[in-house]
Amino acid sequence: MATVTYLILQIVMVLLFAPLVNGVIGKIKALTQKRTGAPVLQLYYDLYKLMRKTAVVSDVSSWIFRVTPYIVFATALTASLMVPVSVEILPAGNMLSALPGDMILLFYLLALGRFFICLAALDTGSTFGGMGSSREVMISSLIEPSVIVVIFTLGLISKSTSVFSIMASMAHSGTSFVGPVTILLFLAMLIIVIAETSRIPFDDPSTHLELTMVHEAMILEYSGRHLALMEYGAAIKQLLLMTLMVNIFLPFDLLPTTGSGAIVVALSLLIYLAKMLFLALIIALIEVNTVKVRFFSIPNLAALSFILAFLGFMQYFVLGRS
Amino acid sequence: MGLVLWIAPLLAVALSQIAKRARTLHAISICVSLLMLVVAGFCTHAVMTAGQLTYSFLNHLFLIDSLSVIILDIVTAIYFLTCVYAIGYLQNEVRHGKIGEEKLRLYYMLLYIFLFAMVLALTVSNIGILWVAIEATTLASAFLVGFQNNPNSLEAAWKYIIICSVGIAITLVGIIFLHLSSVDVIQSGDALKWNVLLSEAKNLNEPVLRFAFLFIVVGFGTKAGLAPMHTWLPDAHSQAPSPVSALLSGVLLNSAMYAIIRCLTIVNVNIGDSRYTSRILIGFGLLSVVTAAIFILSQKDYKRLLAYSSIEHMGIIALAIGLFTPLSIFAGLLHMMNHSLTKTMLFLSSGNILQKYNAREISKISGLLKVLPVTGPIFLLGLLAISGTPPFSIFGSEVNVFISIFDANHPWLGVMLILLLAVIFAGIAATMFKIFFGDGDTVEMQAGEINLPGAVVMGILLIVIVVTGIYLPDGLKALFIAAQHIILGG
Amino acid sequence: MGMFESDSLLGITIVIYLTAAAAALIFCSRQRISILLTQGLCMLAGISGAASAIVFLMSKNTPYSLDLFLSPIPYLSLSVTFDGLSAFFLLILSILVFSVSLYSMGYLAHYVGKRNICIYQVLCILFILSMLLVFVAGNSILFFMAWEVMAVASYFLVVFESEEKETRKAGLIYIVMTHISAALILVALMIMYQYTGSFDLSHSSSAIPQNIKNIIFLLFLIGFGTKGGIAPLHVWLPRAHPAAPGPVSALMSGVMIKTAVYGLLRFVLDYLGVATPWWGYILLALGIFSAVMGVLYAFISKNIKRMLAHSSVENMGILFIGLGIVLVSTAAGAKEVGALALMATLLHCFFHAIYKGSLFLSVGSIHWATHTKNMEELGGLIKKMPVTAVLCLGGALSIAALIPFSGFISEWLLYQSIFSSFVLGQAGLNILLIITAAALAMAAALSSGAMIKLFGISFLGRPRTVHAESAVEVPVVMNIAIGVLVTLSLLFGLFPRLAVNLFGGIVAHLQGVSIGNRLSGNFLVLSFPLQINSNTLSPGLALVMCGGVILIVLVALRCIGGKYTKRVVGTWDCGFKTLTPRMQYSGRAFSKPLKIVFRIFITSTRELKREGEALYHPTSIEYNVKTESALEKYIYLPFIRGVSAMSEKLKFMIQTGSVHAYLLYIFIAVLILMLYNRMD
Amino acid sequence: MEHYLDLLSVLMLLTAIMLVSHKRIRSYIRTFRLQAVLIAIIAGFMGMQSLVNEGSFDILVICAIIVALKVVIIPMLLHKTFANVEDVVEKDFYLNIPILILMSCVLVVFSYFTLSGISALNEGHVNLQVVNAFSVILIGFFFMISRKKAIGQIIGYLVMENGIFVTAIFSTHGMPFIVDIGIFIDMITAVLIMGVMVVQINDKFDSININNLRNLRG
């Protein structure tokens, strides 16, 4: 029963807040640039509109093109179920039986979605699709090593690769989030999140300039409900990655320990939202203050991320252990 | 009965001079070789039942035991197969005007003398006469090598006769010292008889015997193609007509090795230890394998390649015999047989290739599997067999040689040998395998076999080397074991 | 000894194979009958072989020995010992044989009347039988014999379509490398024999001193590593595997390269025993190198079969990583971690055989249908060959280690075993381990990229040439054959416990500890000393969830957006007149970014031919890129050239043609021997 | 008696060294004939000895054969062959003559060194005759190597044979008779065949310079 409650709560949170993140980041960017900007809820309107529109499908494409949006959305949502927005909403007792899975599975689920996006991009025979797909493959394979190093280091600290265990362990340890290890890992993770969510400086989500776009190039042919699912899926993925970050590196979930039941949960959710706002602010500021780098400078960023993660790992073994 | 072995070839020499037509010559050849084979079979039987076969009326000059009978069988069998093959081969040569019909007579006459000398070497008990016989093989085969009478074959023949004569002269020095070592022990009637020498081995003069052995090894080693005395071999084998090449490689080398083995036993029994001889034979053996490896790696002429491969295998045999453990000797003898059969098959195939393509250079041949649908595959399998690939027979004997080397606690030797053989395989593969594929359309020629009896012979040989890959008839094995005991000194 | 005991089934299997070979020979002239009969018998043999293995594995049988043939020649007897490891590899072999034979029934049809099917089939059976013997050999001589026959048979199969020069070259490189590696193995076996005095594999190795064991290990490493295609000894593999006919490639990549794993498990882990950790370090280092190099080259290949071959190099690298962890942890005494890693390795070995088999068969089908292996000439096949496309996608997902296919299971377990081996706690090892994990992650990502390229370029988009335009779906038997493998991959991906239970006995036997209680639960629940909470994995549940989500989404969309309507138009062309297939992204363009990133490993020469006066309006442009491996260019080629130059030079220095020199050799030999005699 | 034999053996060694120092075909043959005469004398001595001591004619018969073969027939054949093929004298050796002679001396020392270890040969003191005879073998061999032309090889071979024969006769008083006969037959055949080949080589290559025969290499 607790499991079902968890699942429902989690799904609702994710579906509800995922498009909001984009709006918030956009708004922050606009404000820093002294613009009014689009409404915070713009993506909700877009999604609603798209779902109602007729889909335009290329005559070259095959069933791959049509099933991909569903797979992308489904994998993103399923993956997000593994990343509780708050430790408090986790069912008590054996949480493993609720949702078996760990960080590795999480990232491989996302990889499944990416696999299909890349295929779908090639399916229409459009040059843009191929270009985006090719670039996406490069970015993802360069960023992957640092992902696994981060996962392993976090896992070693909390002695499990399970997302719940890591979060719980971080939340319990309380002070570790200011330690050298976590700072390094946080930075590495930040780069990973930016890369995975196709943001500046890796990619520019707001451009349709053929020389720079990656993610947008892949979904260029999509329209109607397919596009809606794609956009929604991307938003969910972004939310879950950010959730992962805030809940691991800013583990304040357990602060409101007094009280019980719904109040605690509500409090922790509020804290969660605050943390997300904080992270969105960081991301937005990064977007505002940097430019999209040259495509062949992306390996440098990936290497930076890897080095940060690796140093974090080293720190753990040099300082954390001795 | 055994004396037929001596008489038949001599008789054939005479008959071949009388015969008028090519067909008669071929018929005589087949009959004689078949007769020899049958008699050899008889001798084998006699040896297997009685241990040895000898005739007192010749003062035991004719004497064969298990060791000689093994090699005798190899000789007669290969001789027979070669003769069958030669019919087709020679007919082609005549048809293409390479040789006139009158030269056939000379060919057969020389061949009979060659055969006689070889059989004599194997069946005579006197080492002196053994020497004479081996020298006679050189003389008879020198003309066979130069049979085609072009500058290259003449050059080969010249080198062959010079180097082998010198080598054999060196042997003579050895035999003199061998005689010297025994003058005080053995009366003149039995002088130089290996059976007597062996039974008196303990009483021979050791330093002289050791000295004698050096020359015997170098001399017969020249004939057996051990490096660095091997230099005549690639020239002679590549220039001789293919049936003769097969005989040289498959038979003659063994006869020379046989002579070495006989003396080796005497020396080892005399010293009571095999270290002295081991070092010499292992040294020559290893050097031969190294030399062959170097030459095979970038060989451009396929018959020369086969010749170098013979050097390699004689090296392995020398090594095995030199180790002088029961297993190594067994393996060495087995290897001798396997090598002879395989190499004969290869040389016979190469004869077909030569006649079909009229080229010795590897680079000029392609599409062999298509152009010669029987010879091609056989040649390919033969190459694999000769380089020690299972399930062919050479693998079995080579593995036993390796095992005996490691048993005898010479790991470095074994490692080197294994690696060298691998290098040789690589060389053969790199240089030779390309001839089999492709369309062969660089040369306009029709696909099809040209030598039917030859194809049958090669087929038989192929079957034999596959079967003996893991199987050996009990009788044959008993014979090998008996020979092994003889070599080990009774 | 009942009919359905493992040993009698094994005997039956061998007999069926021999019968199949005989059938192939007897019906030589009636090709269609011969194909049906021979391949049918092979399928049967596959079933009985698999049954033999499964019966053994299920019943936890103790190892047994059989003497097939006692040879009068010493040491050449064919005696067979069957244990868990043999059963495991026999199972792999049999599954693939079954599927490949079924496939061949269709595939060989286009050989009828063109090629010598009789020889092909006999060689195939010889190849299969020799692999079987490798796995069940009871002594090392038989092992070596089978190993050599396997090499030769596969060589002939590689050069079976020998018209192309490339094929012949591939065959040559293959046979030379494999033979030299075999020689090293033989050396190792002989050294083992020298110390133990026995070729029996069940004999104890305690008589071998440690430093000798190190040497033996290195020899095995090079020997088996070459066969397994471990970088930098892998150069033969990407050439030979693509050159062979489709079914043979599947067998080679699926089973033959696994003989290297078998060899290492059998001889190093089982026979020698592991005492020093650095063996494992070496394996790890090699594994990392191969995994990354292999997948990198796979990613940039445009030949679809070559891509898969490179991917085999990658997967061998992954297997080596697994083995490395097994050795490291065994040496450190952490048997349980070793057991976990061993399980991961075995599973990866098993799964890789299955899905790589299916992929090779799928691209074999592409080749069958389009007569080209160059993906730049393909495209749009998903419409022409819909079933093949689905099957190929299954294989691609498996090899990209994505759920719900089996590839993910073994990869996950491998990650977990790397994770667990941090418990060993040496700082140096830990750094190596984290690098291993990173390399593994990158390899997985790149491999999924390679599969996107493979599938995307050849099946999606528009047909690039008339080859692809005129393709038709392959015969149904071929697709069934692939389907069997893909289904197995899916099955084990969803229910990994099946495989874990089946192979648990082998791990327990080899490592001496059972990990059954640490790998528990309905799906996979892993609990190890290092962990406070178990790590769990349930691909099935994830799949169910995804399915649920999709259902919900469909309903939701229906509610919000109404009925699905679509408009089919051409792909957006930026207002340009019409898109042609040539404007699609090509395979080469697809992999270009990563090729630039990793240019130190890949040397490429390019050539631009331009015709026409005007700079911006040439009448024709031709662009050629040739990619070479830096390894081959800077190490292998110079070495080969050096050796042949040396041989060429020495040849004329020794055999000068001068009879005087020859006499001099003899003279010197005499003098030296006389000196030897004097000195002795 | 022994003194005479010693003297003869030394003389024979001298002829071998003389041979090394010669440049012309004619002198080769002459020296060879001289050596053959010496051998015949040695054989005659020994033959007489064995006739007196053991009543055996073997060695005397062999002595007669030597005279017939080596003193008469072979030189004649050689003359005839080489008169046919070539008459020009040219420098036909690899090293110059003084060095060749010095190396011959080294060979003598070498054979002394190697033979001195064999006790059965040396009853108390080193057996001079065997050393000399053995040196002749080596020098003959060396002669073959040092001469470029076919004639050099044939003569060298014959000198080796001489050396071997003398070694045999000095060390063991001759081999079994039948073996000796065989050896002689072989030898004459060998020389005949070589002669025939020389003619053929001269036909095909327009020279008997063996150094030109270098097509088969590698």
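For reference, chains read A, B, C and D in written order, and residue numbers begin at 1 within each chain.
The working rule: a residue touches a chain if its C-beta (ideal position, glycine included) is under 8 Å from a C-beta of that chain, and two chains touch if they have at least 3 such contacts.
It should be emphasised that the depicted structure is a prediction, and the values quoted were computed from it without experimental measurement.
Looking at contacts between chains, the pair that accounts for the most C-beta pairs is A-C.
For the pair subunit C and subunit D, the distance between C-alpha centroids works out to 69 Å.
Rounded to a whole number, the gap between the C-alpha centres of subunit B and subunit C is 44 angstrom.
A straight line joining the Cα centres of subunit B and subunit D is 31 Å long.
One inter-chain figure worth recording: subunit A and subunit C are separated by 36 Å, centre to centre, where each centre is the mean of the chain's CA atoms. Shared contact sites, meaning residues of subunit C that touch two or more other chains, fall at 651, 655, 659, 663, 666, 670, 674, 677.
Annotation for subunit A: no residues touch 2 or more other chains.
Touching two or more other chains at once are residues 158-159, 162, 166, 170, 211, 234, 295 of subunit B.
Touching chain pairs in this entry, ordered by label, are A-C, B-C, B-D, C-D. In the complex of the two chains, the subunit B residues touching subunit D come out as 126, 128-129, 131-132, 135-136, 138-139, 142-143, 146, 149-152, 154-159, 161-162, 165-166, 169-170, 172-173, 175-177, 179-181, 183, 188, 191-192, 205, 207-208, 211, 234-235, 238-239, 295, 299-300, 304. Interface residues of subunit C, counted against subunit A in their complex, comprise 379-380, 382-383, 397, 400-403, 408, 412, 415-416, 418-419, 422, 427, 430-431, 434, 437-442, 444-446, 448-449, 451-453, 455-457, 460-462, 521, 523, 525, 530-539, 541-542, 545-547, 549-550, 553-554, 557, 560-562, 564-572, 579, 581, 583-586, 589-594, 596-597. Looking at the complex, you find that subunit D touches subunit C at residues 94, 110, 113-114, 117, 138, 141-142, 144-146, 148, 153, 210-211, 213-218. The residues of subunit D lying in touch with subunit B in their complex are 117-121, 134, 137, 141, 144, 150, 153, 157, 160-161, 164, 167-168, 171-172, 175-176, 178-179, 182-183, 185-186, 189-190, 193-194, 197, 200-201, 204-205, 210, 213, 215-216, 218.
Within the complex formed with subunit D, the subunit C residues making contact are 651-652, 655-660, 663-664, 666-667, 670-671, 674-675, 677-678.
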